[in-house]
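First subunit A sits with subunit B, and in the next complex the same chain sits with subunit C.
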Partner chain A sequence: MRERFANGFDPFVIPFLIGMAFVLGYCIVAMIRVYFQLPKPDRKRFLVSLVTPRTAWKNIKDIFLNCLIHVKLWKRNKVLGYMHSSIAFGWFMIIVLGHLEVMLFVPERIHLFYYPIFFNYFVAETEQTLPGSLLMFLMDFFLLIILSGIVLAIIKRFASRIVGMRRTTRLSLMDRVGLYSLWAIFPLRLLAESFTAHISGGSFLTIPANWIFRQFLGNDLHALPTWWAYSIALCVFMCVLPFTRYMHIPAEMLLIPMRNAGIKIRHPRKGFALLEVYSCPACGVCIDACPMGVRKANCKDATVYLNRQLRRGNERRIAEISDKCLLCGKCSAVCQVGVEGPELRVAQRERRKYALTPDYGMIDAASLSQHLSDLPFCGPETAPVEGSVLYFAGCMTHLTPAIRRATTSLLDKAGLSWKMMDPDGGLCCGRPLMMAGRSETAQELIKKNVEIIRASGCNTLLLSCPICYKVFKEEYPLQGIRVVHHSVFFQELIAAGKLQVQHEDGLRLVWHDPCELGRGCGIYEQPRQALSAAADLVEAGRHHAESICCGGSLGSLSLGFEQRRPMTQNALKDLTVADPDQIVTGCPLCLATFSRYADRPVHDIAEILDGRS
Partner chain B sequence: MDFGYQINPSSAVNLDQVDRRRYDALVRLSPDAATCMGCGSCSATCTSSAWSGMSVRKVLLGLQRGRDAEVNRMLSACMLCGKCTMVCPRGINTRQLILTLCRLDKNGEVVR
Partner chain C sequence: MVNRQPVISIIGAGIAGLEAARQLSALGYKPVLIEKAPVVGGHVAEWNRLFPDMSPSEDLTGPLRAQTAGVRTLLNTEVASINRLKDEYNLILSDGSSLLCQAVLFATGFHLFDASKKEEYGYGIYDRVITNRDLEAWFNHKDDRRIDHPKAVGFVHCVGSRDVKAGNAQCSKVCCITAIKEAIEIKEEFPDAEVYCFYMDLRLFGKKYEDFYIKAQRDYGIHFIRGRVSEVGEAVDGRVVVKAEDTLNGKPIKVTLDLLVLMAGIVCNPDAQHYAREIGVAVDDDGFLKSRNNVDAITESSRPGVFFAGSCTGAKTVPETLAEARSAALAIHQYLNKPR
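Moving on to the complex of A and B:
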């Protein structure tokens, strides 16, 4: 080992140093800004989580697995997983090994920022020693890994279908500059190291390359310009990084600890929301996932473009994208980083100003409560007992009376005492208001509904609508009352033997996971278990968390009737790939939407169970 | 003079004096409002009509007849549950229509 230059400096490192100083300065300022934009309790919670051993360990693990190895992406798409982790992990390893080399061979130079990066230019090392040959081998090995990732990235850019993506993100100009400089960095590094390999040593990649180049170049005059080019490529990449999608690299490292600390979006543009926007790597997985994407015109309304417009501050487009979304949550389910597309959109909706605020003062909750408590119970008991069920049909179930009929009939068959909260129509649960960004007014309805529920004396609240179920479960202060969706409730009754369901052989059913029930509340298996007691179950093309929204969602404010049709038809096509006899769902809204265009019967799970018990 | 009874105030609408700025703005912003044929499906299904008399049909009529107070009272009772959208035979996006109306001030300008 010997140092080639006594002063350990060459002007070509200056571009690298400029880029490094810029990007470090920018990121530190940005992180401090995000931190101080958080509300005070969140800040405290974040700091506490950093020193709590359990969350601190989880942070390290998550950052390693998600930022470097891209585990989630591997699970979804092996080629994309390899592509991203090869570049991220390979680059990380090259930096780590570079530092190791400096620490091992020239520890006095460790304070020089650029030394580990340009080690092979400054230090001539021989591959005769074990550490030398091992480190050089590893350097070449990881460089090869990165280069293979870059080749895949180039293929993906020009033919995304080969790597399993139907559509990929349309890049902005800055993103292109960042992308091309990123592509340039590693081939330039290979060239630079190859040109100096006969002086500084190398391994299986650089030494043969060096030999080949010397055969027809015959001199070393290309070495220094290539090191310059390598340094400049790094400088360009780091200088444009804050303005490109590559900002996700530093942003995600802050996002993960903040998410692990339990911080939520509190402001549409500041703090955690800002961090999520910057953490979007614009990989474009959400474009293919979005159910609106069946119409090509809607592709630009995917979450990746919302994040871009939020960064640009394009208010017109932000409003348009936020209002259009069905809030089905599939983009969040497939997102590798965990950007919460629906929550971001609802936060934007909440910013909107209205000339007219709803006023529900006219609703007399006291008399509604009185009316409900005077209502006699159906079933064996006349007074509320442990296990009395209060059935809230909700607005949408009133539009599909078959569900209500089947549900009440099943309650009778199970021999339960029950009463209905809204036999003649009741109040809305408040979730549609929340989806429209009017949560304060929703609170008014929540308060009144809670009063009515408490007056009933029941300790189980049964819901046949997942939209209601989610809000009752998450937003209502109903301690001591069990909130349950009818699919789960009936599955339990079947399992306990209180409901006898006849299995109909040869009848093939497909279960559609409603967005609010599946992705929204994580209920996937209970309805399937209940249905398999009644008939044979087949799966849709996309199911569980990947299930496709029916297109009827209340989440979208601006999508019209005709614009929703192709989405419903696409979801139906996917549901019927296994050619089931009937389609079954657990949401009255999905039922009504599918019934419009389906070529076979669509039923609610309660109807199926009621018909066979 | 007090007869002990009185007749109702006139409910005649002078269409020449009706301020239609809000309705015009609504039709500009969500054009399908103009396709309403007044079938009353929305009135029949409305969740809040039981205690407020809310109905999208009546809102649209009221706007064209200058019954602003009644329209505002009905609009502020809407819970956005979306049943009217589901049943509308013309496929009018009634929720968007209501939200758009709530954003308009009395001059038909969008508040910012």
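Moving on to the complex of A and C:
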């Protein structure tokens, strides 16, 4: 092995160095900026998490598995998983192996940034030794892997259906420049290494290529221009990277540790929100997932486009996309990097200034509490005891009285002491306000409700509406009081033998996972177990975290009734693929929405259980 | 007259079908009435008294029945399917027979909106919530345990009418006056009862309707509250608690009632939509059959030989339905005598 150039330099490395300096400088400045945009407690929390061994190890593991191997994508779509991990991991390995070669053969050059990248140009004949030939082989092997990924990427761009995507993102101009330069990098590297393979050595890919080229190219004059082209392609890619979707590569490496530190969006445009926006790889998985995209409508309102508009600062479109969303959370569920579409949108809604702010301060919570205390308990006890249940029906259950009736009937059958928090209607749980981005106003309601709940003396708060359930569970300071959704509560009563449910053979039910209950609170199995006690359960086409929003969500501020109809019909079509006799859900809003268009009965889980106990 | 006696089939023997049959018979034709129910008379026969004269519905349906006694009437018979031939229609009936006819008259009428679809009003869930049809049945038979000397009665207008979320954007036209009529009848039956009408608009367009409205307020003391009912709950004693907004006062109100009557609206008979699609007759976006035009050809369809009478084309009052039936009979007569 020998170095070909005594000074170890050639002008063709300059474009690469420019690109490298630019992208490193940009990313470091951007990361520092994001860090200082975080509120002070979050900054401290982040630093602490970096030195905590458990989170530090998790950070390394997550970055390796998600950024390089793309484990989540593999689970979702093998072809896309292979495509992304081949490019990311292959490239990573080429960089690592390049450094290894430099360290092994020319350790005095390790301080030169470009040496590992252009090693084969500067150093010759390394395949004569065993480590040399092994490294050369690995270099060619990973190059081949990357090239196969690039081929898939090209196929995906022109025929996304082949790789299992119905729709893919429409790229912006900068994204195209980045994409084409990325496609160019590796074929150029192959060419450049092939042209110098008879001097510098190569392996199974570069040596045969070199032989073929030498058959009709008489000299080596094209070698240097190809190395130039390789360097320029790298330069172009790195120089446009901050302005393209490829910014997700560095951004995600910061996003993962910050998320592991438990940092949340606190500002609509700064800090963690900014980081999420830049972490979006614009893969477009959210376009197919979005329930608003039925019949090719609202495709431009998927999270990927929200992120793009946030980067561009197009306020009109940001407001439009943010207001339209159903907040069903499916885009987050399928997102490979974990961009929180609904949270980002709610943060944008918070920017809106309202002329009027309702004043809930005047609500007399003390008299409401007194009124509730005066209400007698139903069931064996007259005073609150351990296990007394306070049932909050909420506005939507009041509009679907069959659910309320079935729930109270089941409480009686289980022999529990219970009372209703809102027999004549109560205060709003605050969730609709929070969804509209008015969390400060919601806090007033939360304060009043907490006072009333505490005064009741009950230590179980039962909800039949997942919209209420989520906010009571997450936002209410109710230490010591168990907040529980009725599907979970009844499942436990059945498991404990306090509720006897008769199994009706031959009755086939499908469970619809409401967004707020499933993706929102992670409750998937308990309702299924409870329903299995009553009848045979079949699954929808898409279920659990992939369940399709009914279209009735309170989340959207701007979708009209007629625009929602195809979404509901699409969700119903998916729910009935296994041809169930009845559709069962655990959300009164889903129930009301589905009942409008369903061709078979739609019931709440409480109705099913009450009818068979 | 044509050489051969043409066959005219009339689908539905409600008042539209009966009146058309009567007129066609008088013109010398031999129409065939096809009725899926075991009796003729349709919805009107189930009603007790008719506005604005408060005449018993029997006064209308009795003579109609008598005067069409000679018409060939197929009771308990449904149309299974219709085929369109050249200038003729072939009706396959549920008894397996088929009927070849030169003209078809749709007198298929309406369906009452299923009030249980508006779950927030509690029909089918709460005992004391009934519909306008249930109340008319009670007026006829006085046999309904749900109605037991009520002290407070409410009427909810527009249940399933002018309600996009219920799938019906159109006005059902007759419920405003029906509610006032029924409110007065309830007040006559139970003079101590307080009666409330929850309305969003009162559309009292017909002859003497306004007088009815004034009489209801002045002579019967019925309370009219402008505002839609938001939800209905049930008190421990089984009475119903109605929450609404009084939009004239700008205040939410809550009343506890012994009886709540839902004025279920009028929607098109789904059978009629099915038949229409079979023979390529247009269905309008409100679900009713589509007339050739809505000004001077309401009884004519987009197909030659197919005619409409009554509420298959939209909500109608009784006099409107009768007038249309006569008009349709004349249109059929002209159609059959048109030189070809």
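Odds and ends about this structure:
One rule holds in what follows: the second predicted complex is superposed on the first by the 608 of 613 C-alpha atoms of A that agree within 3 Å, B and C clash if a C-alpha of one lies under 4 Å from a C-alpha of the other, contacts with A are read in each partner's own complex, and residues count from 1 in each chain.
The rule we apply is simple: a residue touches a chain if its C-beta (ideal position, glycine included) is under 8 Å from a C-beta of that chain, and two chains touch if they have at least 3 such contacts.
Here the structure is a predicted model, which means the values were calculated and not measured.
Superposition of the two structures on subunit A leads subunit B and subunit C into a clash. Within the superposed three-chain model, A:Phe561 lies in touch with subunit B and with subunit C [touch as defined at top]. Applying the stated contact rule after C-alpha superposition, one finds that A:Ser595 touches subunit C and leaves subunit B untouched. Once the two complexes are laid over each other on the shared chain, residue contacts for A:Gly25 go to neither subunit B nor subunit C.
By the touch criterion defined above, A:Leu427 lies against subunit B but remains apart from subunit C after alignment on the C-alpha atoms of chain A. Counting the residues of subunit A touched by each of subunit B and subunit C gives the higher count for B.
Shared-chain residue A:Arg405: touches subunit C; no touch with subunit B.
By the touch criterion defined above, A:Gly164 reaches neither subunit B nor subunit C.
Once chain A of one complex is fitted onto chain A of the other, the partner contacts of A:Pro131 are absent, as it touches neither subunit B nor subunit C. Residue overlap on subunit A between its contacts with subunit B in one complex and with subunit C in the other: 398-399, 424-425, 561-562, 592.
Considering their complex, residues 323, 352-360, 362-364, 395-396, 398-399, 424-428, 430, 432-433, 436, 438, 445, 552, 554, 557-562, 589, 592 of subunit A touch subunit B. By the touch criterion given at the top, residues 398-402, 405, 423-425, 561-562, 592, 595-596 of subunit A touch subunit C in their complex.
Within the complex formed with subunit A, the residues of subunit B that make contact are 32, 45, 47-48, 50-52, 72, 75-83, 85-88, 91-93, 95-96, 99, 101-106, 111-112. For subunit C in complex with subunit A, the touching residues are 117, 119-120, 122, 125-126, 164-167, 231-234, 241, 243, 254.
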